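Structures given as structure tokens follow.
Shared between the two complexes below is subunit A, which pairs with subunit B and subunit C, respectively.
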Partner chain A sequence: MPRHQRLSIAVGRIVLVGAAAILAGAPFFLGAGDLTVLTEFLCLLVLAWMWNLLAGYADIVTVGQHAFVGVGAYTFYGTVVLLGVDPYLAFAAAALMALVIALPAMMIVFRLRAAYLAVGTWVVAEVLMLIAGKLPNFGFGSGVSLPVRVAREFGARPDERFATIYWLAFALAAATFASTYFLLRSRIGLGLTAMRDNEEAAGAMGINLVRARVICFLWTAPFLGLAGAIITLQKLRISPPASFSIIDWTVFVIFNVVIGGIGSLEGPILGTALFFILREYLAQLGTWHLIILGTLSIVIILIEPRGLWGLLRRVLGGDLIPVSHGARPGFGITRKS
Partner chain B sequence: MVVTYLNLIIQGVLLGGLYAIFALGLSLSVGVMRFVNIAHGDFIVLVSFLLLTIATALHINVLLALVLMIPVAFGGGWLLQRVLLQRVIGPNVLLPLLVTFGLSIIVQNGLLQGFGADTRTLSAGSLDTASLHIGGFYVGLLPVLTFALAVALVVGFDWLLYRSRIGASIRAVADDVAAADLIGLSSVRVYAIAMGIVGVTVAIAACFMGLRMNFDATSGPSRLLVAFEVVVLGGLGSLRGTLLGGIILGIAQTIGGQIDGAWQVLAGHLVFLVIFLLRPQGLLPRY
Partner chain C sequence: MIERSTILEITGLTKRFGGLSVINGLDITVGRQEILGIIGPNGAGKTTLFNLVAGVLQPTAGTIRYEGREIGGLRAWDRCRLGIGRTYQIPKPFSHMSVFENVLTAAVHGAGKSIRAAREQAETMLELTGLAADHAQPAGQLTLLDLKRLELCRALAVEPRLLLLDEIAGGLTDAEVDTLLGIIQRVHEKGTAIVWIEHVIRALRRLCHRIAVLHEGAFVTIGEPETVLADAHVKTIYLGE
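So, the complex of A and B:
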């Protein structure tokens, strides 16, 4: 590898680590408004990494991931308000419930082949949203607000509260990143990469494709549920259209990953960051916002299916976050021969 | 009681005819091009808005507007395939899914931008309210005509795919693209024609949907889900299956809606999931 590429990768990694360090310390120097936006950013980043794990590695295109966000939100409300459980335990319940719901959902959608699976997940999500609208203790179709006493448990004053919620979102994003990284570096991730590159050859090598895909599908559910719980804590309200919002938790997420770059850990970061920057300028355009994002995603698929990160990677010459056990010498955690 | 339910079942069967028309185009694009068009429902709604605009602007009946629309819809499907979809179809199913997903969002928001969020409906004059009195039951003339059209379309498509020359080409390309290209069939051309035919079914679905039910700019996804459930219930690639799938879904929704208005959609989804779990290959699988 040429020297300037090694240098640019090193610079890229320093930027990445620097950004993470700034995010880790954000509550010390940012106000409540900025923290709220960053909390939202981290939650959307978690959703993007999870959608990318499925679509970019496990060959599962889901259009129903908002279902697990909603399940997490409703479970959090149910355990903390209706059962009166400690809020921190309620997070665990949200993660667990998402996993429990993912089991039957998986049994349904995995009977469908790739192209159909996408719409199958959408049907399942629709069913869960409609059922959520029929729950009597959860305010039926119009939803219900979180009592103030629950919010107070995360800090007596508003700024303390915003900082606590931010830390929770940061911890979730860090845990999602680290665990997904290790999953992709493990034998399972290696198998998934092999499957992505050549399904028949991977199967012939004895890789259990079904098992790897099942693990990935179940893997994402608790993280999505936790994101749903944190989002609920921030918005202080649950309702079927908002908690199970396909636009917020699936459509934007898909655009972010597709534009940023599918099949890499850097792509979702790039896409989600770009989304927040664009939103500053495009949000007031209303419907044009989504039209522009949709057009951008189609144009990017036609130019480079691996997204902006795929383009950038050609310039840099390598990954900043090496998930593949590349045979290329010179960078990454590869053992040099 | 029995009469009420018999009446509901008749209504459900007739609604099923409309659902089968929704599903025909999806079934064809799935069967031939091997991809699920996420924007299928949005295209139906888009054409409904176009029909509304044409009928109002030219002061003509919507059914006449549909006749004018059919060649346009064929051209639209053909062009979409040639310009955009042809670039992404192939072994990777991810790309066409993502492109049609993008199209779906563009169409929905474009319609919101152009027509606002109001609920609309189409009108075909006196046909809207005309009814027939058959064996003690009153049934709308329009639903009966829709159902008859659905049967005619299923029979017509069966003939088109299995008896005509273009049908033979379409099936050859669907079976093996490389082999079809090798014997001189242009798969690009055949795909474009198939998508043009899908466009025609979309136009017909749009017209009869608008006459039968309300629609707005964001109705597309729910139409897609209906079409998808009908295709899967019927058995992939089975035309007669779409008719049966449509009828089952129509009955489930009508009876669900009778129990509680809010249960109409959910009842349809639940019946779909139960039948799908029991018979994942569909009710009348072709293969």
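So, the complex of A and C:
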């Protein structure tokens, strides 16, 4: 690798680590307003990584990801408010319930392929939302707010509360990143990456495509459920249209991954960050903000199917987050055939 | 005899796509120590036959027995794990992975090795197929010759007992074909049975024990290379003479 590329990759990594360090310490120097935005950013980043794992690697193009966010939100509310369980245990319940719901959802969805699968995931999500609207203790179709006593468990004053919720979101994002990184580095990840590039050849090389898809689908569910719980805690309210919002938890996420770069760990970071920057600056434009976002994603896809990260990676000449495997140092250098 | 020395036994194999019959009641047995060449005009069903044996396609009728076991209902990855390796006529690399990772993946999933053990296997295979110097390149950037090498390298990394080669020598120069023949010879000597679809007759003549001629979805002639290639009927079918 040429020297300037090694240098630019090093710079890129420093930027990435620096950004992570700033995020880790954000509550020490940012106010409640900024923390709220960053909490949302981290939750959306988690959703983006998970959608990317499914659509970018396992070829499960889901448009029903919001189902598990909603399930997480409702489970969190149910366990903490209705059952009176410790809020931190309620997070575990949200993750577990998302996983439990993912099992039957998978049985339905995996009978379908490609576009049919996408529609199938959507239908499953809509059905779950409609069921949520029929639940008597959850405020039916209009939803219900979290009691103040629950919010107080995360900090007596609002400032403390925002900081705690932010750190929860940060912990979730860090855990999502670390575990997905190790998944991609494992033998399963090797198979997933091969599937991403050529499914038929991956099957012929011994990769069990069905098992890989099942692992991915079940892998994402608990993380989505946890994100749903944290979002609920931040918004202090559950309701079918908001907790199961296809626009917020699926459509924007798809935009972000596609713009940032599908099939990589860096792409979702880039895309989600860009989404928030655009939102901050373009929000006053109203609907135009979304039109610009949509146009941008189409333009980027036409130029580079692997998004902004695909473009940037060509300039840098390598990954910032290396999930790839190399031969032993010096291999192949002496023997040029 | 069939129990011990046969690796592949196909009987009455038929594949129809709608009304079009591509493979028509095909029979063949391949020995454990054998290199079987398959020739035939375009559209004879050669690649379809490989897809049926490798598990990409399910047969309409007939049986495929591999090492005495019916494999017609198994998925492609299970057949690979049982020791059936294949190359593609039109290379299907994992384009965004490095050459090394392409081979590593095959060694991990096809041969069922740990990543650590597969590393060594991958390096050995890269050296055998002459790709060692290109190991760090993205596979999508390889030349056609190197893509063909990678096809072979990946198929070998799954440690096949039956290797299906689909026009691996097509488009290579004479010198490159000679190198390839050397590699295939070495693979065969390690105890791998090979079924080889090829248009480069010179290559088949050098290594194959038998050559089978596929025509309209069935074998019309099977025999020793010289006999088959001298056959007037074969010349009519294959060369249109």
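Operating definition for what follows: the second predicted complex is superposed on the first by the 325 of 337 C-alpha atoms of A that agree within 3 Å, B and C clash if a C-alpha of one lies under 4 Å from a C-alpha of the other, contacts with A are read in each partner's own complex, and residues count from 1 in each chain.
In the analysis below, a contact is a pair of C-beta atoms (placed from the backbone, for glycine too) under 8 Å apart; a residue touches a chain by one contact, two chains touch by 3 or more.
Because the structure is predicted, anything quoted here is derived from the model rather than measured.
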item: Per-residue touch tally on subunit A - higher for subunit B or for subunit C; value: B
item: Touching partner for A:Pro240 - first (subunit B), second (subunit C), both, neither; value: neither
item: Touching partner for A:Trp288 - first (subunit B), second (subunit C), both, neither; value: first
item: Touching partner for A:Gly191 - first (subunit B), second (subunit C), both, neither; value: second
item: Which superposed partner A:Pro27 touches (first subunit B, second subunit C, both, neither); value: neither
item: Subunit B versus subunit C as contact partner of A:Gly228, first or second or both or neither; value: neither
item: Which superposed partner A:Glu200 touches (first subunit B, second subunit C, both, neither); value: second
item: Residue numbers on subunit A that touch subunit C, as the complex places them; value: 186-187, 190-191, 193-194, 196-198, 200-210, 263, 324-328, 331-333, 335-337
item: In the complex with subunit A, residue positions of subunit C that touch it; value: 54-56, 75-78, 80-81, 86, 88, 92-98, 100-102, 104-106, 108-112, 114-115, 119, 122-123, 126-127, 130-136, 154, 158
item: Contacting residues of subunit B [partner subunit A, same complex]; value: 30, 34-36, 38, 84, 87-88, 92-99, 101-103, 105-106, 108-110, 112-113, 221, 224-225, 228-229, 232, 262, 265-266, 269-270, 272-273, 276-277, 280
item: Subunit B-facing residues of subunit A, complex; value: 55, 59, 61, 63, 107-108, 111-112, 114-116, 118-120, 122-124, 126-127, 130-131, 133-134, 141, 246, 251, 254-255, 258, 262, 286-288, 290-291, 293-295, 297-298, 301-302, 305
